[in-house]
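You will see subunit A twice below: alongside subunit B first, and alongside subunit C after that.
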Partner chain A sequence: MREVELKMIERAKQLLESGEVARVIGWKKGEFCYDPSPACFESVEELKDFVYDWFCGANLSKYLIEMAKKEGKTAVFLKPCDTYSFNQLVKEHRIKRENVHVIAVECLGKLDIEKMKARGASFVSAVEVNGDEVKAVSPAGETTFAKADVLLGKCCVCNKTHQVKDEEIILHERAEKDVDRFAEVAALEAMTEDERFAFWKSQLSKCIRCNACRNVCPACSCIKCVFDNPASGISAKANDSEFEEQMFHIIRAFHVAGRCTDCGECSRVCPQNIPLHLLNRKFIKDIDSFYGEYQAGETAEGKTPLTSYTEGDLEAGDVFKGEAK
Partner chain B sequence: MQEVKKEYTPNIVAFCCNWCSYAGADLAGSSRLTYPANVKIIRVPCSCRVNPMFVLKAFQQGADGVILCGCHPGDCHYVTGNYYTRRRMALLYSFLNYMGIEKERTRIEWVSAAEGAKFSAVMNDFVKQITELGENKRLTDLRVKEGE
Partner chain C sequence: MLKIAKENLNALYAAISAKMPLIMPIKRAGQVNYGPWSESEEASIETLKTVKSPKDAFFPQSENMMKFKTDGKVLEVIDVRKAEQPFVLFGVKACDYKAIEVLDKVFLADPVDTYYKAKREAGIVITLACSKPEESCFCSVFGVDAAAPAGDVSTWLDGEYLYWQANTEKGEALTADLSALFAEGGEDAVAAQQSATRAIMQALPYAALDLSRFKPENLNDLFNDGAWTELSEACLGCGTCTFVCPTCQCFDIRDFKTSEGVLRYRCWDSCMYSDFTLMAHGNSRNTQMQRFRQRFMHKLVYFPSQNDGMYSCVGCGRCVNKCPQNLNIVKVIKTLGGKKND
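Moving on to the complex of A and B:
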């Protein structure tokens, strides 16, 4: 990982020095080893804080909406999953493709500090990854985990590849995972209505309406958002209705249906650990099975499933046919 | 004093498109066909006008069932509106069921202006279905009402 990081810093330096780009979007060191944050570097000096490590899970594509409007070109480091969001934003005319220089970077999966903490590692000051083993170093000693146990949820089922790049910094190839990303959704579908309701009630009741899922979501970047409208009745957590958190999540999931690239940022940032990706993934699964396989962000052209139709589409009443329940 | 047993009458919201289904409801009326009075019709310019939020709001405000009626696919006054509706509602209804909402509470039917009899039959059937199902609680009591 360190070699990749050095190469990235080197390249960022070249780009900035030559004046090819006016800024580089990457990640900078946080307070701890596990909280690097997205950052914009406008000079070579600032690059001293540049970091690319096992905790750089953040999707940088959304930042381009604002950054690519500025004078000069913007270079950005995109992991495979981020390139889908990038394409989707280009498709929706939120980013001007010609203003961005995309550098594809390798990703062997990113780690989830919360999972490490839950498994007994606290005050982690450094991590070492050797193949499938993760060693977390802390003042209390070293803890070793299986990498699969401490990967971010989104990385556990990821087989994504770079969809767009102007150049690449890839030193290690990632092996294809043999996983079904819809397994969790299918497990929920197999439950009874009552069980599903109980599940979502217990999950969504934890929601504090911090709006982190909306703010981080690349698909949720409308200039005007229904949740910012106080008249909508669902703009903030209020005590006027017990229903609002469910309402908020249904509406949000619907608004990104057909546009969600399954980047998994919503679940990553949720402070209450609500598995929000399961909402969006249900829409993806349904779209795949009703209207043919569709992966948002695979290309920057073409129609989305909800802005197109065929005459022989499935009837809404037939959605539940063939179900045992 | 003897307790009066109140019979349960569901609240049904029917979104009807102006050009076909609303006219279909009109025909049902002028043909002296009956449908239950607890079906509240909301006229919309096209079935495509129905935002998923309308459906959710209806449930939130006390509807026990929501039915959406529009022109038959291919007959839309605006040519393609109902094709989009069909996709949206298929996904929305499937999603609501995924959230644990009874799938019987949502329905979509294509009723033309000439199908007064169909309108009446559909509404009678839907009201019967919702009456059997009972009150909608899930879309209004997600949080604190546990153990009620």
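Moving on to the complex of A and C:
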């Protein structure tokens, strides 16, 4: 990973020095080995804090909505999953493609420090990844984990590949995972209605309405969210009843249906670990089965199933009668 | 000092709960938050950090205040409050207890917030000393001793016993009611745990945070510091830091039209939200940098300048663990305090 990081820094340096770009979007070091933050680098000097490691899970695409409006070109390092969000934002005219220089970077999955802490590692000062094993180094010694156990949730089922790039820094190819990303959705579908209701009630009742899921979501790019707008009549800062949260999250899932790329940021950022991605993934699964396979963000052009009409489209009644193909 | 064997804790919870509601760390759907204990709930007393702090017990995330009814030109104001019944808040860590003292400064100062005061007076707070502080903890920086929490009753937990010491009249009265459950003793075990915990605290990575620049006389310098732009650039403008914070106290008041008149309620608000400062004339904070700066200036400069130097951060570290993009008050203190990690 260090090799990749050095190449990225070197490339960022060239781009800034030559004046080809005015800024580079990447990640900067935190206080520990596991808390980098997204960052904008405008000078070679600032690159001393640049980092690309096993904890750079954040999706940088949404930052481009603002960054790419600035004077001069913006370079950005995008992981495979981030490129889908990027394409989708270009498609929705939220980012001008010509203002951005996309550098595709390799990603072998990103790690979740909370999962390591929950499995007994504390004061982690470094991690080493060897194939399917992750070794966490701390003053108390070393702890070894199976990589699959400590990956970010969104990385566990990811087989995404770069969908857009102007150049790439890829030193290691990622092996295709033999996983079904709809397995969790299928498990929910297999529940009885009561069980499913109880599941979502227990999960969504934890919501503290912090809006982190919405604010991080690349598909939630409204300039003013209806839930923030005092003139909308439905603005809400707190949940009115124990389970009112369902409305917010379900409405949000409907709003991003057909546009959600399954980047998984909603679940990554939720302070209460609500598996919000399952709502979106259910819609993706349904869209696949009702309209044919579709992956949002694969391209920045073309028609989408929910925004274009064909005569063969499913009628709402078919869905309710369970006669969908 | 009194003690009760760890395996009898459920009996203790049941005995308290038979007298009055018991609010304590409860695990639900994988996460631990304060909630009402019952036989069917999973108590999780050993969790170091609940996701939300216990402040909901006194300052709920949303709370009804009053109702209005109109009959012609007559306006009737109806108080919707019921008399607060005594309750026990159990398992409060030293940092979170200190945070309640911060909230007291806000809500019990003139003009007294009677909603808060009624709950504060009804609550009996049982604190629990920490024995396993983690790397995001920095309460010692704000003068908190994680090994000696205050409260109506202080408790310590080791592998065998919960040790119990009443500190106030309220605490003594509760202890007397529960006396059949306790045995005497535990001073040595508590002292040993305290020195072990203090040794851990001293060696924590954030133990030496330097607050010396955060003084009222540096207000303008800090406010105008160029570092705020970089510090805040990744901020999503969500309310995670605010809502997991034990000291954040800002709220919004709204009226809600119901079939039986108008209901006025209040709910937590966040200075990180774009409309926090929206007024009739417009908005005085139009960038996320300004909102971000406000949150930390309030905790580290404005609040202490109005409250005899008391910071409104207690070093619980929840924002350190929970910020989606890993921004937090420690990074602010280190950057503006001039001692950034290299």
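By definition in this document, the second predicted complex is superposed on the first by the 305 of 325 C-alpha atoms of A that agree within 3 Å, B and C clash if a C-alpha of one lies under 4 Å from a C-alpha of the other, contacts with A are read in each partner's own complex, and residues count from 1 in each chain.
The definition used in the following text is that a residue touches a chain if its C-beta (ideal position, glycine included) is under 8 Å from a C-beta of that chain, and two chains touch if they have at least 3 such contacts.
From a predicted model like this one, the values you see are computed outputs, not experimental measurements.
J.: Figure out whether A:R196 sits in contact with subunit B (first) or subunit C (second), or with both, or with neither.
T.: A:R196 sits against subunit B, while subunit C stays out of touch.
J.: Using the superposition on chain A described above, determine whether A:L188 touches subunit B (first), subunit C (second), both, or neither.
T.: In the superposition, A:L188 touches subunit B alone.
J.: Just to be sure I read the superposition right, which of the two partners does A:E315 touch: subunit B = first, subunit C = second, or both, or neither?
T.: First partner only, subunit B.
J.: I'd like to know which partner A:E45 touches here: subunit B for first, subunit C for second, both or neither.
T.: Touch partners of A:E45: none, neither subunit B nor subunit C.
J.: Which holds for A:E173: it touches subunit B only (first), subunit C only (second), both, or neither?
T.: The answer is neither, since A:E173 touches no partner chain.
J.: Have a look at where A:D286 lands relative to subunit B and subunit C in the superposition and call it first, second, both or neither.
T.: A:D286 sits against subunit B, while subunit C stays out of touch.
J.: What part of subunit A is shared between its subunit B contacts and its subunit C contacts?
T.: In subunit A, positions 205 sit in both the subunit B and subunit C interfaces.
J.: With touch defined as at the start, can you tell me which subunit C residues reach subunit A in the complex?
T.: Interface residues on subunit C, with respect to subunit A: 28-31, 33, 51-52, 61-62, 134-135, 205-206, 230, 233-234, 236-240, 242-244, 252, 254, 256, 267-270, 273-275, 278, 320-322, 324-327, 330-331, 334, 341.
J.: Going by the contact rule set out above, which residues of subunit A touch subunit C in the complex?
T.: The contact residues of subunit A facing subunit C are 30-32, 35-40, 58, 63, 114, 117, 122-123, 202-203, 205-206, 208-212, 214-216, 228, 230, 237-240, 268-269, 271-274.
J.: Can you list the residues on subunit A that touch subunit B in the complex?
T.: Touching subunit B from subunit A are residues 185, 188-189, 193-201, 204-205, 226, 241-243, 245-247, 250-251, 253-254, 257, 279, 282-283, 286-287, 290-291, 305-307, 309-311, 313-317, 319-320.
J.: Give every residue of subunit B touching subunit A within the complex, in rising order.
T.: Against subunit A, the touching part of subunit B is residues 52-53, 56, 60, 73-74, 80, 83-84, 86-103, 107-109, 138-146.
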